[in-house]
Structures are given as structure tokens and as C-alpha cells.
Amino acid sequence: MKKRQVISTVLATAMVASLGMTASAATEVAANELAYKGELEIMHYSTSEESEGNGGSDGFRTVLAAWDEAHPDITLTQNVLANAEYKTQIATLAAAGDLPDVFLLQGMNTIAWADQGLIMDLTDTIAASPYAADYNEAYFTPFKTADGKIYGYPALTGGTCTVVIYDKAMWAEAGYDAFPTTWADVEAASEKFNEQGITTVAFGNGGKWQANSDFLSTLGNRYTGPEWFQSLINKGGAAFTDEAFVKALTEMQRLFTETSIFNEDFNAVTNEDAREYYISGDAAAFIGGNWDWSYIYATLKDSDEEKFANMGIAVLPQPADATEAPTSQNIGLGYAIAINPNLAEDPDKLAAAIDLAQEITGPAFASYVAENYALGGLTKVADVDLSAFDQQTQDFYNWSYVDTETCEIYDSCINSAVWDILNTDMQTMMNGEMDPATVAQNAQDAYVANY
Amino acid sequence: MKNDGTHKVKKGVLGVFMNLILWIFSLSCIFPIIWMIYSSLKEKRVFNADIISLPKEPTLVNYIRILTNSDYHLGESMWNSARTTILSIAMIVVFSFIVGYILSRVRFKLNRVLYVMFLMGMLIPIHSLLVPIYIVFQRCGISNKWFTLLLPYVSFGLPMGIFLVEGYVKTIPVSLEEAASIDGSSFTHTLWTIIFPICKPILVTVAIIQVFSCWNEFSFALVLIKDVSLQTVPLALTQFKGQFASDYPKQMAAMLITMAPIVVLYFAFSKQIIKGMVAGAVKG
Amino acid sequence: MKMLNATRPKNKTLFLYLMIPVAMFVFTVFVPLITALVYSFFEWKGGPVKTFNGLTNYIQLFHDGTFWEAFGHNIYLVIACIIGQVGIAFVLVLMVNSKLVKCKTIHRTFGFFPSTIAAVCIGLIWNMIYHNKYGILNWFLESIGRKDLCQVWLNNSDLVMLLVTIPLIWQYIGYYMVIILSAISGISTDIFESSEIDGANGFQKAIYITLPLIKNTMLVCVTLCIAGNMKAFDNIYVMTKGGPGTASMVMAMYGYQISFSQSNMGYGSCISVGIFVLSLLVIGGSQALINFLTREKEA
């Protein structure tokens, strides 16, 4: 299942405990005068467990609480479920046409739900937002329909879904000062690592989505360039069966079936298990998303100072026959605050909901997560003071937001039906039991049938 | 006599063999609980590093976190679960008995139809019904109430109970009811004072099985309950899941806390329960 | 045996007794079931909008390779579990009841336990057993010198179905033990004693006395087993989610995936109807088969 929209969970350099202080930034929510008095319901998945591992979630909950306090006449009812249950529940509610007042919308559902009138068109509202000038425009992509209408305020924090975490010491020994920039070099290094009985790169695709979000999404971009995916979103003529994409699939299959770079059990273990391989030293590197980075960061900081100091990050290596964007990584926000169109009947309530949406994604939130976690959300914050954070966090911040090229995350957009089929097929393909052309064709058929 | 000797040895070997198999099986069944218990005494990272070995430094930190964090409203959810389960069991037992008995004994036009209808209830995968049930309940205004879950729990627990009772009743000779009737006992009187006690074993079995089903049920609770104050235990436990980092030891601690009442009851009363299950044969 | 008309209650009494449970059942199970049936004739992509498309979903179902592959997996499960869960449970109950076995209560109590534990835990435990690096299975193979057999068990498309069935069998043996136990307890011990005097040994007693006397309960167990396994979901979901690819896909999981992951609820309803019809056929078929086999013996 797609949990990804990791973006929300992001980086959470969460273990801010590392800073020795718990998040203490002032949450100054703009206490706007609201005429509405009554109940407002919001549904989300930032459980307290979630917020412990995740700066974005923590920020979300904190700002929500502050907003609640700032408006004593409004009863804010929060319906909080863990992510997997949230998705089941929201799907049921959508099917029954019974969505709550305010909720988190997943990117890939935008177009379908907009068609059915389940979410409100917020294009004008967003343009009129007091913070509009500071909004990071790129984040709106998954929540737009073909005609450019926007249906949500991208929420929580943005982080990468494909980062290579490697142990500098181990790779230096193998002869590389920095992580190799091409797969050919990784293969060469893998020979040395295999002799020592160490896995070169750990990866976990047990949940089927990891291969898509944490690997293909970036690898694909290296072959097709960003226009291809954009065209796919806009139904502009691109297809999964296009040569460049099939080449990406082929390379992916080659890497997992013909080289001995990865751990044997990549299809059976999840990213959570695979990152433990890295932590324990059984693997020299690991590929995952920002949530994995946060976990590894927090774990190593507490348990293994040396390994912590040796933690390095890099972009996905470039395949030999790829031609585009060698330093790209996929990053974005997977969920947005959406509003139920029924609220249009009560202008005061609608105003309250809009205010809520603006504040949860606005500067109060942004400065909270920036100051406590070095994370970024929808609203840009000027001059983030990184000096309070350790080197690792600073490096990751720069890597995520400054130094690399970005590309879209595949499963934030289009349609869950398509990705479900592609992910299942990919798992089989990575075992060598299905060929890339068939995978591409099945995905294309699903795309045509469902999008 | 020669036969006695080898016979005794054979019996001896057979005995050892059977005992061994049963012990291996029973221990394998109890191991998960033991594993859960000592794993819940580990911190998350210690657990992730080594899933199976005993904790070197057992700690109660998970339990403390759970019991002191107001977000985890376990107490309230346990009360909700207890109330729902007890009421559901009572209804399942009573209704299974009535319907199972009638279907088994009484000839009437709809007998076969009802039988098949209840059978159908067992064949449906729950997930297919989630959305339809939500819609039906929502339209009737009965979703998200304290009694909401009773309806699906009882309805889905009935088929199994009915079939078990029906099969069991078939082994009771009809002469019993006939004798009672000759003595002037009405149908209702016979049913409750004579048949009901005889069916105790199977009804106890049905109750035991359903207790765990109801307590652990998740999907319907997820879809039909929205208020935090009405959540049952499995729902409350989802608060322990994060999107990307599962804290298994803490989840296990939570599961153990919530399973504890039932497990304690089960073991405390195991003697009575077993007695109930194997209670008296019907002497012809 | 049905009762004599003399003892039969009045229709009005019957009606009063059956009214509540039947009404409850119809409302909670049947009405949604009919609703799902109706939806299966629509194209319903996850919002409130539905468009009628007649038999399109059913035709698609007929041609859906994944669905029939899943059906095959379910049949595999059913057969394995009838033999495994019910069969082994029967044998174990006989053992427990035998005079040669001590500590009967412990075995009866412990055996039931796994069926009370949530599927998530069972999945965790067995994932641990099958784990490539830290798993008990591979550790065991290594220690007996067969390292060549060590592999990533759950990634093996050919074996994965078998591997996933084993935990399912293990979990529910105790469940059927409890049911069979209570049924056997209803048999008068006189019968056993007189058969022993006649020279019957344990095996013969089991087959010729015990089994026929609890035939009804065994039939119920088999029916429960089939019904339960045709809609198996939790365990497999936790262990492999139907993977790798679709190698361990079962029908209920496929339905869930289509309805929720792919937001195609119309087709998902159609799959549910399919599961339902197939389950009816399998159960009907198996009951006919059992009746046929046992009728022969009595003749």
C-alpha cells in the first residue's frame, strides 16, 4: 500500500531529542476573528506515535492545538487514525459520499474525487490566501486537475523519497571517497563487499510500494526527464510503453536480478527491516526515503557514534544508458488539506475551515518545523537558521532542498489503480519472472482504463 | 503371558510418543504469548536489532508510556469492548440455541431456507460488506452509537453458533422431548429447563470462541465507529502505529494489556470451562 | 430427527422465537449483501457516483486471470486446511483423551491459544521463522549442515503458498480441537468400554465408533473450515500481502485490493459476489461428497 506520501512524514529529524530540547518554538497562529461558532471536524493520521517519529506530524498536531485554543467558540473535533486505517476509512466515507468537513486528501485521489464533486475547488481561495506569495508552487502539482484547478493546501512536510545512505568509512575502504555516481561503479564495488560477506546496498520491497516510490520514481526520471511524467499527468500523450520508461524498467530488473548489489530478500523484507541491515553493519549502504533517514539518524545517534559520524547521503547513481538529470531525487508533499463542498452552504463555517487550512500550512507551521526539525512545508520560510542543527541534519537539509535537482513522486499523482497494478507486476519483474515490456503494457492498460 | 509383555512395551512407547507430540504442540502454541511478553520488555531499537533473544535489560518503559499517555485511551476502550463483547456473547448464545434447536427439530416450511440463509452469512468476506454496511447503517442513523457494533457482531457470530448447536442437538434423542410433553411440559418449558442444560457443552464452546472474535474484531469497528469515546480496543490500539516506524514492543505491550483481562479469566476458569465443554454424556 | 407433531410447537410460538434473530440477521447481513450485489452491476470508482453497466463487471471477472489464480490458491488452502486443521485436530483430541496421556488440561487449554491471537502477531512470529538472515528455519538448516537449502522463503513464488498455509493450520488446530472435544464428550463411555471388551484397539475405536458418532459435528467443522478458508485474508495480508507479485493472492485479498487500493468498488463488489457463489458451490459440493461417502459405509 502506498504509504508514501511520506512527504508528510518526512524527514522528521524528529528525534529532536538530539537537540537536547523538545520542540519549543512558539506557535503563533494568526488568531483571526471568525464569525463561526459551532463544530468543525477534521480527520487526519497524525497519531501521537506518528508525531514521535516525524517532525511534520508533530508540527501538525501542535499547530492544530494552537488553532483550537485560539478559537474557543469553535469545537474542533479531531478524528485521528493511523495511516493505513485512515486510508481505509476515508475510502469508505468517500464511497458513501460522507466525507468529514476537513480532511487530508491523498494526491492520487484528487482527479477522481474532484470529478465526483467530493472536494471543493480551492483555486481562488488559495490565490487569496495571505501567505500566497510564500507558497512553494511546485508542491501543488499532485492536487491539480487537468484544467489547473487546485483542490487542496499541501500539508505536512516535504521530503525526498529516494536517498542513498552510505557508510563513508566502509566505502572509503573499498576505494570510494564519496558514493559512486554510476551503477557501474557500484557493481565494481559490490565485488569487494561480497568477498567480505557484506551486502552492498540494502533495499526492502516487501510492501510493494517501495520499489516504486523509493527507486523507480527517480530512476524513471533519469531516462525520461521530467516532461514525460508531466505529460502523463496531463494526458498529453505520454505512455508507460514509451521507450524511455521501458528502458528504466529494464535497468531496474537488471540491477535486481543480474547483479549482486542488493540483499537477496529484497522482495520479502520491508524498508524497516532493510535499514536495520545498514544499522547493524551488514550492509554498506541503504536506499530509502526521508522517513528512513530520520530513523537511521535517530538510532545511530543514540547507539553508535562512530557510524553516526560516517553517515553519508547521495543521490541514486546514474545508469549507463540514462541521459537525464543525474542528480535528481523525487520530493514533494503527498497529502493536502481538502474541504468538503457541503461547507459552501454555511459561509461562516467555510471561512473557519479555510482559516484552519491556511494556518496549518502557513508560517506558524513552517517556522515550527524549520526551527525544530530543519524541515520545509508549503510555506517558504526565509533564512532558516541551520546552525542550531548538527552536521548531518544540515547536510540533509541542503541535499533535500538546495543542492539537488527535484522531480515528481510517481505515486503522488495519477491514480491508485494504476500504481497498484504496476507495483504488483514490478515485484514479479524483480524476481525475473515477468519482462519489462509486459509490465509497461499492463500499466498502460490500467492507465487507459482508469485515468 | 508373552503377549502382555510386548503389549506393555508397545503401550509404553506409544504413550511416550503421544505425550511428546502433544507437548511439542502445546509449547509451540504458548510460545507466541511468551515471546510477546518478553519482547514488550525491550525498547524498540533493541527489539529491531534482535527479534528473538531474551532482553538483556528488561524495562517497563513501554508499559509506563502507554498507561501515562492520555492519547491512548485504553481504559475507556476496554470498557467499550467489554460491554460490547458481553452483550454480544449473551445474545449469540441465546439466539444460536433457539435457532439451532428449531432448525434441527421442527419441521416447517422455511426450515431449509433459513438454514441456507444462515449458511450464506458465513461465506461473505467481511471487507466486501464494509461499505454497504456503512451506507445502510448511516442512512438508518444507527452508526456510531454505543449499540452499533452489537448488530454485526451478533449477526456474523450467529451462523457458526447455529450450526454447532444444530449438529449437537441431533445427537439428543427425541424421546426426551416426547417424554416431557407427555408429562405436560410446554414447548417453552421443555426448551429451557431440559434441553438448554444438556446443550451446555456446546454453548460454552460457542461462547469461548466468540469472546475472542468479538474482542479482537477490527474492520467493522473501524468503519462504524467515529467517536473516540466509543472506540473498542483494537481501534484504540491503532494509535500505536506510526506510518513508517512500527514500535512493535510498544504495540505488543498494548496488546498484552488489552488481552490480559480475557486471558486471566480464561486461565482462571479453565477448569470450569473444560468441565463445561466436556460435561456429561447424555445417558440414553 | 425431527419431533413428532404432538410435541411440535405452534407456528405462532415459532415465529416469536425466530423473529428477533432472523430480523437482525437479515438487516445486518442480508441487506448489505443485496446492496453489494446491486453495486456489482455498476461502475463505481470510489465516490458516490455510480453508473449502471450491466454484466460488464461479471464478464471482466470471468476473464480475470488473477482472480482465478487466487481461486486456485483458495482451493489449495481449503484442502490443506481440512486435512491439516480438522484432521490433525481430530487426531490430537483422540490423543488427549487417551488414557496414556497426562496433563490433559494443559494440552486442551494451550492448544486453543493461537486462535485467540490477532493475525498481526501470528504474521510477525512466522515472518521471524521464515526470515532470510535471522530466521529460525534457515538457522536450523544451517545447523544440520544443509546450508544449500537456505533461501529467502517468502520470495519463492512456488513455495510461498505452502509457507503461508502452515501458520494458518497451526493457528486453528486448537479451535477445532475445542469443538471436537465437546462433541466427543457427548459420547457415553459405555460404548468404548464394551468395544474394548470386544478387543477393539485404539485405531479401530476411532474410525468405527468415534467418527460416526460425531459425524454431524465433523461435518460442521468441515463446513466452517471451507467457509473460513474461502474468505481467508488476515494472515496472508500480514505475511506477504499476496506476493511476491500474485503468488500468494487469495480471493478476499484481491477483492480488498481492488476495492480499496484501486478504488474500483463496483468491480470489487462483483468479486465478492463471485467469492460468495464459488463458496456455496464448494460447500454444496463437499457436503454432497461427504454424504455420498458415508452413505456407502452404512449400506
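As written, the chains take the letters A, B and C, and residue 1 is the first residue of each chain.
Throughout what follows, a residue touches a chain if its C-beta (ideal position, glycine included) is under 8 Å from a C-beta of that chain, and two chains touch if they have at least 3 such contacts.
Here the structure is a predicted model, which means the values were calculated and not measured.
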{"item": "Overall pattern in which the protein chains touch one another (line/ring/star/complete/other)", "value": "complete"}
{"item": "Chain at maximum distance from chain C, centres defined as averaged CA atoms", "value": "A"}
{"item": "Where chain A and chain C are represented by their mean Cα positions, the distance between them in whole Å", "value": "39"}
{"item": "Euclidean distance of C-alpha centroids - chain B vs chain C, Å", "value": "16"}
{"item": "Residue list for chain B, restricted to those that touch at least two other chains", "value": "131, 135"}
{"item": "Residue numbers of chain C (touch at least two other chains)", "value": "259-260, 265"}
{"item": "Set of chain A residues in contact with two or more other chains", "value": "88, 95-96"}
{"item": "Of chain C, residues touching chain B in the complex", "value": "1-4, 6-11, 13-14, 17-18, 20-22, 24-33, 35-36, 39, 92, 95-96, 98, 100-102, 105-118, 121-122, 124-125, 128, 134, 136, 170, 173-175, 178-179, 181-189, 213, 216-217, 219-220, 223-224, 227-228, 230-231, 233, 251-252, 255-256, 259-260, 265, 268-269, 271-272, 275-276, 279-280, 283"}
{"item": "In the complex, chain A residues that touch chain C", "value": "1, 87-88, 91, 94-97, 109, 112-113, 115-118, 206-208, 263-269, 277, 282, 415-417, 420-421, 424-425, 427-428, 431, 433-434, 450"}
{"item": "For the chain B and chain A complex, residues of the former touching the latter", "value": "45, 48-49, 69, 71-72, 130-131, 134-135, 138, 222-223, 226, 228, 235, 238-247, 250"}
{"item": "Residues of chain B defined as touching chain C within the complex", "value": "11, 14-15, 18-19, 21-23, 25-30, 32-33, 35-36, 50-52, 95, 98-99, 102, 105-108, 114, 117-129, 131-133, 135-136, 151-152, 154-156, 158, 160, 163-164, 166-168, 170-171, 173-174, 177-178, 180-181, 187-188, 190, 201-202, 204-205, 208-209, 212, 216, 234, 248, 252, 255, 259, 262, 266-267, 270-271, 274, 277-284"}
{"item": "Complex interface listing, chain C residues touching chain A", "value": "44-49, 130-133, 151-155, 157, 240-247, 257, 259-265"}
